[in-house]
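The two complexes that follow have subunit A in common; it is paired with subunit B in the first and with subunit C in the second.
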Partner chain A sequence: MTAGTLGRFSVKRSKPWPETWVAAAFLAPAALVIFLVVVVPLVRAAWMSLFAIELTNPGVEPFVGLGNYITQLTSGAFWDSISKSLFFTIVTTALELSLGVGLAMLMDQPMRLRWVLRSLVILPWALPTIVNALMWRWIDQGSYGSLNALLTQLGFIHDYVPWLSQDTTAMWMVIIADVWKMTPFCAILILAGLQGIDRELFEAARVDGAGSSDVFRRIILPLLTPIILIVLVLRTMEAFKVFDIIWIMTGGGPASSTQTVAIYAYRTAYQSYDFGQGAALGYIIAIAIMLLAAIYLWMLRRTGSTES
Partner chain B sequence: MIRFSAAQRGITWRLMGVATAALLVASACSSSSASPSAGPITLNVLLMQQAAYSASDIQAMDAAFTKANPNITINPELVAYDSLHDKIVTAQVGGNGKYDVILMDTPWPAELVKANIVTDITSKIPANFTTGVFDSAWTAAKYNGKIYGVPWINDTKFFFYNTDMFSKAGITAAPKTWDEVEADAKLIQATGVKYPITASWKQAEAVICDWTQLSAAFGSSDFVDASGKALFNQGGGLAALTFMKKLLDEGLVDPASLSQTEDDVNTVMSAGQAAMALNWTYGLSVMNDATKSTVAGKIKVAPSPGEGSVTTSGVNGGMSLAITTTSKYPDQALQYALFMASEQSQEMDVANALPMWKASFDNPSVTKNNPDLFAAAKIEFAGLVARPVVPYYTKLSNALQDAIQQALLGNKTPQQALNDVASQLPSFQQ
Partner chain C sequence: MASSAGARSPKRRRKPITVGRVLRTVFVYAGMVVALLVILGPFAWLLISSVADKADLLARPLSWIPAHISFQRFVDLTIGGSPGDTQAQEFRSALMNSLVIASMTTLVGMTVGTVAAYAFSRFHFPGRGWMILAFMATTMLPPIALLLPLYQIMNTLGLSDTPLALIIIYSSFVTPYVVWLMRGYLDTIPRDLDDAARVDGCSRLGALWRVILPVSRPGLLSTALLAFLLAWDEFLYALVITQTNASRTLPVALNDFIGRYGTDFGRLATGGVIAAIPPLIIAFVFQRYIVAGLTAGSVKG
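The block that comes next holds the complex of A and B.
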């Protein structure tokens, strides 16, 4: 095959396309899809959030400006759901990160059948969220769940506890389910960071008389900070907009004790037909997540510049 | 970096152009194929998989319809009840409006009509339907005097009890009042059953159905009056919630009930962990299923108890098949709905759902397998109480679900919890 032919097709020689054009051509279909399914709905939602759009009043869509945002920001139910989201986010992220670091350290130790441990650890993360949620809903069920049976047999409790039916315990059970599923994700990312650390640093520290806790506090943790911050950003964003695992396990109950802001937004838009308020809520959640991400990225950049 | 020859770049450029054009054409085609086809068609149908007809029941009915109408293929989609309302809204309003027929619950006609999701079929309903079907079944199909659905499911919650546990406690008959339920529960608890009553009081529509049923027993018939003023925070509604809280405080109702749906109630009863419960018709066959239940054959059904002058009470759990405004084949969709609701289809299997035809209740070949169920149904169907058919129903239901649970958990008194919802009512009605 010579230049100017491709297989049995002869191609007319013409001025070569600049490579940026070729790249643009490759990207065009994907860009079009992203434009249609991301950009258009985003703009549409922003537009809708400025109108009072209730599906039960079709054709009546008065412009309310920032009215939907003001209504939500002055609503007790909204702030109640925000506090639930923040609690869920802070507790799950803290637990997942701490346990993730511990698990990563364990998986990093030289031991026989280490690959078996790594495979087992990743299993919960590999499970679809819906399966995980249904499984924990069954485990936590107050009448026939296995958690009560286990705790009773071990002598920790005498009476069955309706874990998902009490407003004091339901959120904790949802948190446990989320931590069980997402800790492996944190552990795998942190393990990747851990394996990038030069082992000679550990040996040098030990030669200088450093104990295991010194090595962990003064070498491992500082060097893991960038990856920990990345995991922190990812988990915070995911946890703040949590919906599926809670929806399946408790539906936001009992007595709205697990109604996070995403569930509140869903109820507003799709159960109460209030698309204007729902769109405003969507934007409030997005802005809150962007703010959190900006803070973390600033911290990440600061860490990077300190290291350099 | 990959380097491209001039020829490769030219071909790539053309291929990308073709791909982009194809994408545009495909999207254009998908939104412009609106004209009805004379050839074989497919009807997309949205139903539920929980109470009433099972997936295999529906499959058999669909097969019978397709056999009679070879040009029409049915594409059924079954979702859990708690997803049904939201699926309808997202698909028909937020999505592409793919469904031709949807299953509509009793309180939904008002909001689905106002949201322009379902079609008026008043003039197309055959005369035998208007005279032959129970009046209660029509509640799920009507709004403002017009018909928007073909009644398909006629259901209410019945009282199920474990005969072994009753016998052990020396009880010989099912309770006829809720005071008797309380007294019987105490006798059964004395025999060693931790929680004699299990219930579906999750923060979902399930708790509204149970509370409505008890409200009716305690004398209430309407949530709101004709002027839209709250009635649920007084009389039967208040008495029912106070009674529910009392049963919980006395330790007679399993506290796990606050996170249970009707399926959980079936599981608890099937495990022999509770002696009595309210549930839809399908509960009887599930709890007596020898392959899944440890108490198969021991669960009996009775009319739901009343209280005082009320002999029995039942929440209207009827559902209808509605034709969507987006359907390209409304005539065929109606043909399908009428077939599914016909006497012939309804009498195919009465294990999970009762027929809504009055004549079926006098047909021995239909009633012979479940005489107790038909006897209980005949009594309850005479006076079912409906949840309000108002456009703001879902907002009201969500607020009431939260309020009822606040009261059951002791965070608010029943009066305070219901009053709080009553004070929100005007904002729902705006």
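The block that comes next holds the complex of A and C.
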């Protein structure tokens, strides 16, 4: 647009208020909300984490410095929850990404009734987490669940299995529920990336004698790398914080077999009523996630898929 | 089969029917059927469970198609139900709370966030870059880190167990998303429009309200719908802040049902289906906008 330069000129000319002040006024409401609901609590949490605040022991709140952090970082339960979180994060992200690429490729194929799949694929993602969790809880139920019914009727198992209340299977059931819900989200984003690829490239490669798998590995995957990286970032950070789906399906149990670090922090704060330790745990998780974000930002910068 | 692909003539349009192409077609349709079964199966079972007889649900071997269908549970939970049915009353107030809280959050987040997005999109000022980054960084914070202080602050302010507390908290996590999505959208709208409005005597806020927002309807709709879904879905804060019917939202109410009426699977499924109706309507009716919002939100990241 040729008027672009003219536009900038006219903004500069009419200057009843310096632009910085106008910007400050426009940003003030949002900044205030963030300040009051994020910054203030964050500072308060930092303060709380330096004291031994136990609701079972009211009135006594001695200053312990970094004691709460040291207690947690040297506790077996904490590291056990970290390993549960890492397991959940790595497995769900790997499955959601690979199935997401497959589903996106499928939705990209020219075929009749493709629109049916493309419009229904959003269903799992749109289902609220609570509904997804209670749905899978019911499916995985030990005495009447439909998973047991299906597997016995197909002859895969003989006796009903209490999927969610045995420690060997509970985590996998939670992972299945999460993968079912979030794979479509990944597929929708990856499909958008696929549609941005110039089709001429495929045809040119075909003409040059490339087979389907060559086209996929040498052309499609490299071109999809930026969007796959972004989805990877979004999913790992979400998965590491996971609370709701696990809390609703298993409550972190049986024993501590699905107790991820967020569940562990919640139990410490609201079941053991140890607010000092709970606040310290919250901080440890926040710092871990910020570190992860910094690493990802650095990686994305290096691959050049961000613009800002 | 590799040779057939290699031998294919560069002349396109009607490709000859080869074994490879037939196999490929079969593979694609088989993939579609499997994908549809996996996507629809679990949800179909939830729907069936909500209308099937209790006896059918508890039968072994399970009969997948219920002999008799009844929508009585839907009636009980929404408009009917006996006076002594406290569960239905809890459910109804939770439904109302969720609607009010998610709508108000969307309203507050959209207002506050769009104005901020406009500033980020149109004005140059010192610290602009790191301020956008700071807004986005707040979305990465795990809620569990803010939970304890927010819980105490809301208690001190006398706001615990009120819808207002949740509206305030939810606005804080919806706002950064609105800023992000709306800034991206506003960036695509030519600045000439602002300037024309300014020349015609609009204030800056007037230019935003009268000229920019009306042409930003698709972006506003995508963003508002995503904000609503985000607020509708929230569980952890609601679990801690709400205690009674005064503020309990659907996710917490349904979670309570699991604990207290865990064996009434039909009723639980019905509650789940009702809780899923608003998001599903949004997702299917406004699918284009939702997908546009999702992709814009991440691709720009």
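Before moving on, here are some points about what is shown:
Rule of thumb we're sticking to: the second predicted complex is superposed on the first by the 283 of 308 C-alpha atoms of A that agree within 3 Å, B and C clash if a C-alpha of one lies under 4 Å from a C-alpha of the other, contacts with A are read in each partner's own complex, and residues count from 1 in each chain.
The rule we apply is simple: contacts are C-beta pairs under 8 Å (C-beta built on N, C-alpha and C of every residue); 3 or more make two chains touch, one makes a residue touch a chain.
Quantities reported herein were computed from a predicted structural model and do not represent experimental measurements.
With both structures placed on the common chain, the touch criterion links A:44 to subunit C but leaves subunit B unconnected. In the superposed model, A:26 lies in contact with both subunit B and subunit C.
Once chain A of one complex is fitted onto chain A of the other, the partner contacts of A:69 are absent, as it touches neither subunit B nor subunit C. In the superposition on chain A, A:262 contacts subunit C only, with no contact to subunit B. When the shared chain is aligned, no partner comes close enough to touch A:78: not subunit B, not subunit C. Counting the residues of subunit A that each partner touches, subunit B and subunit C differ, and the larger count belongs to C. Applying the stated contact rule after C-alpha superposition, one finds that A:184 touches subunit C and leaves subunit B untouched. In the overlay built on the shared chain, the residue A:88 is in contact with neither subunit B nor subunit C. In the overlay built on the shared chain, the residue A:252 is in contact with subunit B alone; subunit C does not reach it. Of the two partner chains placed around the shared chain by superposition, subunit C is the only one that A:289 touches, whereas subunit B remains out of contact. The residues of subunit A shared by its contacts with subunit B and with subunit C are 3-4, 6, 11, 14, 19, 22, 26, 29, 33, 36, 141, 144, 266, 270. Against subunit B, in their complex, subunit A makes its touches with residues 3-6, 11, 13-17, 19, 21-22, 25-26, 28-29, 32-33, 36, 55-58, 141-144, 160, 162, 164-167, 170, 250-256, 266-267, 270-273.
Note for the complex: subunit C touches subunit A at residues 2, 5-6, 8, 10, 12, 24-25, 28-29, 31-32, 35-36, 38-40, 42-43, 45-46, 49, 57-58, 60-62, 64, 108, 111-113, 115-116, 118-120, 123-126, 128-129, 131-132, 134-135, 137-138, 140-150, 152-153, 168-169, 171-172, 175-176, 179, 190-192, 194-195, 198-199, 204, 229, 232-233, 235-236, 239-240, 250-251, 254-255, 258, 265, 268-269, 272-273, 275-276, 279-280, 282-284, 287, 290-291, 294-295, 298-301. Across the complex, subunit A meets subunit C through its residues 1, 3-4, 6-8, 10-11, 14, 19-20, 22-24, 26-27, 29-31, 33-34, 36-38, 40-42, 44-45, 48, 102-103, 106, 109, 111, 113-114, 116-117, 119-131, 134-139, 141, 144, 146, 149, 152-153, 180, 184-185, 188-189, 192-193, 203, 206-207, 209, 211-212, 227, 230-231, 233-234, 237, 240-241, 243-244, 247-248, 262, 265-266, 269-270, 275, 278-279, 281-283, 285-286, 289-290, 293, 306-308. Listed in rising order, the residues of subunit B touching subunit A in the complex are 4-13, 16-17, 19-20, 23-24, 27, 82, 85-86, 89-90, 93-94, 111, 114-116, 194-195, 198, 202-204, 254-260, 264, 267-268, 271, 273-274, 391-392, 394-395, 398, 401-402, 405-406, 408-409, 411.
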